[in-house]
Each structure stands twice: as structure tokens, then as C-alpha cells.
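In the two complexes that follow, chain A is the common piece, with chain B as its partner first and chain C second.
Here is the complex of A and B:
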């Protein structure tokens, strides 16, 4: 039974997504509780799986009993189990947020909506577990297709943003698939563990080098690495407010995780293409992304758009962390990935709640927030502390370990990039807080609505987890160092 | 230069793949009509599938199915089935993408009454 936990985690959202239209035809009211229950069970199973991996050290799950190079396998190791745990908890919180009464009623579309959300979660689970390059492509596309549809669901401008997301996302996926094709043509295998044995002998091969480049660009579009981020700001700004937290906290991070898997478990940390170490390339682009993302966030007026650019900058910071080529930086980067999923989710919960409770969309409306209960601003303060990196929040310890890793690697430019990105993050949050606490122009008082319980739970969980991750950072980093370090790093 | 062209001519199928791929990107970038963009996208996706097929091509090869269980297995007469299976999955993914994209294009047309990107961007403002 323990062996089959990865498949069970995947099948829970998938099976429910398939059953949803059938159940929804009978009774639409079932969709919401069923989705929440499925996510809760998934989180529970993910926790059992995590405990099992800690005790036994992880397994390779073979589908249909076919052994690895012939069959398809999933890797259920320390990295995957931690990420699945975080993913399922975040998915649970996001589904609670999605089903909140705060948002306009979806009517008959509710069935399709939950089907898409559950399929998205299933695809993301597949990305995290995949131990096979082609399998990774399929799950990338499953989750991306649901993402396009969910973005477009809001209608109006969201349709155009969703269309652009689709064009660019498909371009990225095609490049990734082409890279996989190059790898296959050169090695004759798609299994990651099998590839890892054959790639070192082929380092001088041009086909492998070009394949790496195509895969990186393809996944770079999916993870919205800065020069390739064109789709993200519009998509996240115009996407329905209820799904933005889920997209922002999970989708780009899953693609990033796929790249971590390929970079460290297939290519190895010492891979070199065209005389440039891949880690250097990743770290350089990450530093650029961290700076440009934070800089662009500073000049935004729309709150959701500002947070979207902030997310771009954090993708860059994670890449800086993992590219330091030592254990400290790698575990710091992964820890920052976990924290960032929580922070992005929390920030978009906050932005979504503000739009629907008080009609606040841009920072000019923020002075109206003074009519709101004080804890709503308190939540933002906690999340902002984590985004900027002020102890005792998770964001601080993530950046701390990334900087420690950079010192260990004697990469002082990376430290400078992290510090400047931190200052820019501080600057755009100061801009927000100035509007909330100092602006003298009193807006007209809206009819103050009660904040629904679901939204309170989501905001509370997100801000609490940002602090808890910080307080438990020693344990989490220690765990990552023990179980999630790739071979050969 | 001569060697380069010679190399292309010796591998016409790879040349065709590169041509199709770049052609698809060219259409996607230069055309303003959303459906034409989708045609370019589909052309690009199909060219990658074509690449998988051409990599696995083997002359005079047959499908790896044993007609008689006692038959002697001769690997050299069979074509590699894996790329073809991958191709099948990639086609399914491509069809699903096309479905979603046409639905989005249709919704955009209903909302803005145009498929021209410039028109739509003007109406967005």
C-alpha cells in the first residue's frame, strides 16, 4: 500500500475531475465540498507519503510493474515528497479560497470550473513526480491547458491574456519537446535515471548541448524567467481573482521544479554547454530576472500586476540559490521555493479579497482600506515582511541561505543581486504601505461587507505559514540537506 | 557555404523539419489574425512531431509485432516503436491545445467582433 501512495495522490484529483461532470449533472452543490474533501485527503496522503519517504528513503514507482528504462517511472524521493506535501496543502487552501462565497456565482459553469481546477492539480502532481522527460512534457501540457482555460474564464481582457499565454506556452512546450527529441536521438532513452548514466559520455555532443538549451528555453517560458515572461503579468492581472492565487503559487514553481529535476538529476551540476557551465548560465539569468522583476514591480499601479512582477523576481532568486553549486545554496533555493509558493498565494488571496470586498484594484484606492478591519492590513504586513526578508519569516531564512551559499561559492555578484532585489522589494512594499497608512485623501466609504470565513482561513493560513516556515527553517533546511540533495552536487 | 548546402541536401527530411519549424514561428510572429497565428502554432507543433518520425525512420523496416510466437526475433528488421508512440501522444496534446485555442479565439471574436490583433488591442484600451 505504501508503495502506491504517489499514484493515489495523483489519482485523487484526476479521478474526481473525470467524475465531476457526471456528479455535477445530478447536483451542482456537490462540486464544492467534494473538491475540498479530495484536496484534504490528498494533503493527508501526501503527509503519510512524506513520513514514509523519511523512514524508507524514497522509491522509484514503476507503472504497471514494468522496470525503469522500458516502463514509465515516477521518482518519489525526498525532493518530490516535500514538494508534493507543499503543493497539496497550498492546493487545499486555494480550493477553499476558490469556493468562497465572496465571488460571483458561476451558475452552471461551476462543474467545468472545478473539473479544470482538479485537472490542473493532477497535472502539477505529475510534473513533480515525473521521472521521465516525455512524461514531464505531457503533465506540463495538462496543467498548462487547464491554466489557459482558467485564465480565459474571466472573459473580456482575460481572453486576450489567455490567448497570449496559450501561444507562448505552446511555443515553450514545443521547444521543450524538441529538446527531448534531441536527447532521445542521441541517447535512445527518455528515463531520467537512465539518461543520467549516458549524458556524461556525451558532453561534447552538439545535439545534447542544443537539446539542453531548447529544454531550458522551453521551461523558461513556462516558469516565466524574465526575458521570457511576456505572458505572465497580463494573465495574472486579468485572470479570475479566485484562481490567480493557485496559478501564481503553483504553476510557475512546478515548471521550475521540473528544470531543477532535469538540471541536477539528469545533466548533473557540472554540465557544460558550449564552454559555459549550465549552472553559471542559470545563475546569471536568475540574477537578471530577480533585478528586472523587482524593478518592474516598483513601477506598477495595479496591485495584482505588482505582485505578479514580484513573483517574477522571486523565480530569479530561487534560480540564483540553486545555481550556487553547493548544498547550502541548493537547499536555500528550494526552501525559498516553498516559501514563495506560500507568499504568492497569500498576496493574491489578499488582492482578490480586496477587489471583491472594497473594489480596490490600484494602489490609489488603497486609502479606502482604513475602513477595513485592521487585521487585513496586518496580513499584508506579515506577507510583506516575508517578501522583503525580515526575520522571523520564511523569506528571510530563504534569502539568508541563498546568500550563505553564494558566499561559500565566492559569487559576490550574486550577493549584490540578491541585496538589490531585496531593496527593490522593500521599495514597492513601502509604496503600498504609504498609500494605506499615510494617504490623507479619504475615499468614499463603501458598504462594508463581512469577510467570509473561507477568506479569513486562507489569509490566516498563508500569513501563519510564512512565519511558521521561518521559525521551523532549521528543521526544513536540515531535512532538505539530508534527503533532497542531488547526487554529485 | 557549399558544404553547408550539401549537408542540407543530403538530409532533406531534417531540412524540411527546420523549414517547417521556422515557418511556423514566422507565421506566429508576423500575422495579426489570431486564427493565422494558430495555424503557425500548429505548423510548429507538427514539425516537432515530424522530427520525431524522421529520427526513427529506418529503411525497409516493419512494425515490431510477432506474427508467430515461435518466430526468430531479428531486431534489425523492426522500426523503433517508441518515437511513434511519443508522436501519438504529442498529436493528442496538439489537438487538445488546438481545441482550447480555437475556443478562446471564438470567445474573443464574440466579445470584440474581430480576430485582428491590432483591432482587439485598440478596443482593449
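Here is the complex of A and C:
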């Protein structure tokens, strides 16, 4: 049974997503508990899978029993099992948040809503496990299509943002597919392990180089790497507040993980296109993204938009980490990816709760937060510590290992970029804290609504896991170093 | 599109063409294991016949209502697909490994045959329903509404 766990993890959200219209049309009240139970079971199975991979090492799951180059395989190794664990836990917390009573009742549309959410999760699971370039494309599109629909769900401005996301996302997917086409034309295979054997002989081929570029730009749009990030801020600002945490913490990271898979497991860390090492290119763009993202976040007034730009800067930091070309930087980058998923989720939980409890949308309204319970600000302090990188939190250790990797690689510009991005992050959080703690403008006392239990659970889990990831960073990094290092790095 | 087409020629030709297209879809579906074709193509051909149905006879006619009712079978095809794959999983093989499709009294080769046909039927049903739902939602979409979520 152990070797079937990847398929079971994938089938749980998928099967429930299909059954949801059938079950939910009769009893709409069932949708919420069913979705939460499915996510909880998925998290449990993912944990069993992780333990299994730790004990026996990774496996390749062959669909239909056909061996790899002919059939389709899923890779269940150290990297995938850790990421699936993080993904399923974050998905569970996000689904709890989505179903909170804080938000307006969806009426009959609740059925379609949960179907989309569960399909999104299924698509993300597929991206993490995919061992085949075309499969990766399919699951990218499955998750992206659900993402477009979820963004546009709010109507009004969200429709425009969702449409923009759709156009740019489809453009990115087409570019990626074009790149896959070039690879297939040159090598005659789409399986990642098989490609990894054939690519080294074709390094001088222009078709392969162009294919790499197309894939990188395509996935760059999907992961909102800074020059290609146009869709993200609007989409996250106007998306329904209940789905933003899920999109922010999972979707862009999954695309980033897909690029890590291709870069290190297919092309190899030493890949060169047109005399430029791919790692250098990725690291350079990552550093630019880290700086510009943080800089743009500093100039925002809308809280959700500010956090969205903060997320852009963190995508850049992760890319800087993985592009250092040594084990320390790579595992630091992956660790930062895990932490960032938690932090982004937590920040958007916080922003969503504020909008619906107190009507606070912009930084100016934050002075009203003094009527709120103190722990609400405390959650933000913990998450901000992690975002900035202050010691007991996960964010600090992620940045620490990225900087250690940069020192090891003697890449001092990367260190400078990480430090400046950190200072800018500090600056925009100081802007928030100044409003919360220093502003003496007496806001009118709102009728304080009780904070729903589901929101408390989500905020508590997010801030606690930011700290726990920091405390357990040694073990997590050690595990990543043992199991998730790609061959040839 | 909401009412019947005016021209008698169009209506009569469609009466002949629609069953023919559906028959061809069935042929492509079951021939898919031996030659070009399969579930996806069959689904597309089936969709064209259904779209023709409500283009010509209108959505309010008995035929059109039948097509509209098919939209309720949204995930049915996918359920067949996942169900067959899941049965293989329960039988001890990988997902979609038809050899482990535990149907009593069948040889391994026959199990594969049955498995492939069932999966293809699932794919065809899903493609057909998706095609119609795209056309219906483009042609008869609601006026713009603001939702609160």
C-alpha cells in the first residue's frame, strides 16, 4: 500500500471535487465538513508518505504499470514528500479559513466554490509529484484555471484582475508548452529522468537553449518573477479575501517548485545557455525581484497589495538561495520556500480577518486596531518577525542559510541584495506598526465582532508554525540536505 | 438559437446528420484501441452533433431539453475514469493498471480491454459535456452580477 500513497494523495481532493456537485446539490451543509475532512485525511496520508520516504528512500510511481520512458511516472522523493506535507497542511488550514463564518454566505454557489478549491489542491499535488514535462504543464493548467475562476469570483474589479491573470497565465503556459515542444523535438522524450540523460549531449543545441528560455519565461509568469509579475498584485488585492491565502501561499510556490525540478533534475546545475550559466541568470533575476518587490511593497497603502508585493520579493529570495550552486544555498532556498508558504498564508489570513471584522483595508485605517484584542496585533508581530528575519522564526534561518550559501559561493552581490531586501521588508513593516502602535488619532469605537474560532485557529497555526519552523530549522535543513539534494549539485 | 430554425432543408439535413455523427462517434470510441481515435475525439464528435441539435431545434425543443439535461452529468465521465482507476488501485495494481481490474471470469487481456473501453467512455462523456457547457454558457450567459464572497 505504501507505494500507492502518491496516487491516493492526489485522488482524495480530485475524487471529492468530482463528487461535490452530486453530494452538495442535495445537502449544501455537507460541503464544508467534507472538504475539511478530505484535507485532514490528505495531510495524514502525506505524513505517512513522508515517514515512508524517510525510511525507505524515494520511489517512482508508474501509472498503469508502464515503465518510465513509455509510461507516465510520478517522482516521490525527498523533495516531493516534504513539499506535499507542507502543501497539504497549508491546504487544510486554508480550507478551514475559507469555510469560516466570517465571510458572507455563498448560497447555492458554495458547491461550485468547494469544487474549484479542491481541484486547485489536486492540481498543485500533481505539479509537485510530476516526473514528466507534459504532465507538469497539465497540472499547472488545472491549478491555474481554478485560480482564475477563484480570483474572478468576487465580481466587479476582481473580474478584470482575474481576466488579466487568465490572459497572462495562459500566455505563460503557452510559452512553457512551446519550450517542452522544443525539448521533445530534440530528444524525443518528455520524461524528466530520461531527458536528464540526453540533455548533456545537446548543450550546444540552439533548440534546447531556446526551449530552456521559453520554459523559464513561462514558469516565470506563473511564479510572478518580478519583470513578469503584472497579474499578481491586482489578482491578490481584488480576489475574495477567503481565497487569497490559498493562492498566495501555494500557487506561485508550486510553479517555483516546478522550475526547481526542471532546473536541477533535468538540465543539471551546470547548464549553460548562450555562454551564460542558467544558475547565474536565475540568481540575478532573483536578486532583482527581491529588491524591486520589497521596494514596491514599501510604497503601497492597501494592506493586501503590500503583502502581495512582499510575496514577490520572497520569490526572488528563494531563487537567490537555490541559484548559489551549493548544498547550503539550495537547502536554505527550499527551507525559505516552506517558511514563505506559511508566512504568506498567515499574512493574508490576517488581512482577510481585518477586512471582514473591522473594515480595515488600508494602512490609514490601522489605527482603529486598538479596539481589537491585542493578540491580533501579536500575530502580525510574529509573522513580521519571520518576514523580516528575526532569530527565533523560520524566516531568519531561511535567510541565514541563503547568506551562508552565498558566502560559500563567494557571491557577495547576492548577500548585499538579501540584506537590502531585508531592510526594505523591515521598513514596510515599520510603516504598519507605526500606524498600529503609535497613532494617537482616536478612531470611532466599532461594535467589536467576536472573532470566529476558525479564524483564531488559522492565525494561531500560521504564527506558531512560523516559530516552530525556526526552532526545528536544524532538523528540517538536515533532512533537506540528506534527501532533497539533486544529483550533480 | 432559442427557437427552431426556419429552413426546412436545414432541419431535415440535421435530422439525418446528427444520428450519423453520433454513430461515427461511437465507432471512433470503440475503434480507438486498434487505430486512430479514442475517447477525446469521440467526445468532440459527439459534442458537435449535440451543438447542431440545439442550434437547429433550439434549446426549448424536446431535443434541446435533452441536451440541457446532459449538463447535469458534469462530473459523470470523470467519476467513471477515476472509478476504474481506483478499482485497479484496490485490486493491488497501480492507478489505471487494468491488469488488476478485479472482474471475475476475465482473462488479463480481456481485463485490459474492458478497462480501456470504460476509461475511454469516461473521457468521451467528459469532453462532450464540457463542450456543450462551454457553448451554452457563451450563448445563454447571465447578465453581469456582483457577488459577495
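Here is the rule we go by: the second predicted complex is superposed on the first by the 489 of 489 C-alpha atoms of A that agree within 3 Å, B and C clash if a C-alpha of one lies under 4 Å from a C-alpha of the other, contacts with A are read in each partner's own complex, and residues count from 1 in each chain.
In the analysis below, a contact is a pair of C-beta atoms (placed from the backbone, for glycine too) under 8 Å apart; a residue touches a chain by one contact, two chains touch by 3 or more.
Note that the structure is predicted; figures quoted are calculated from it, not measured.
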Touched partner set for A:155, first chain B, second chain C, both or neither: both
Touched partner set for A:177, first chain B, second chain C, both or neither: first
Which superposed partner A:299 touches (first chain B, second chain C, both, neither): neither
Contacts of A:64 with chain B and chain C, given as first, second, both or neither: second
First (chain B), second (chain C), both or neither touched by A:56: neither
Footprint overlap on chain A, comparing chain B with chain C: 155-156
Complex interface listing, chain A residues touching chain B: 134, 137-138, 141, 145, 148-149, 152, 155-157, 159-160, 162-163, 166-167, 170-171, 173-174, 177-178, 181, 184-185, 190
Touch list for chain C against partner chain A, complex: 74-75, 78-79, 82, 85-86, 89, 93-99, 144-149
Touching residues (chain side chain B, partner chain A) in the complex: 21, 25, 28, 34, 37, 41, 44-45, 48, 51-52, 55, 82-83, 86, 89-90, 93, 96-97, 100-101, 103-105, 107-108, 111, 120-121, 124
Interfacial residue positions of chain A with respect to chain C in the complex: 4, 7-8, 11, 14-15, 17-19, 21-22, 61-65, 103-104, 106, 109, 113, 153-156, 240, 242-243
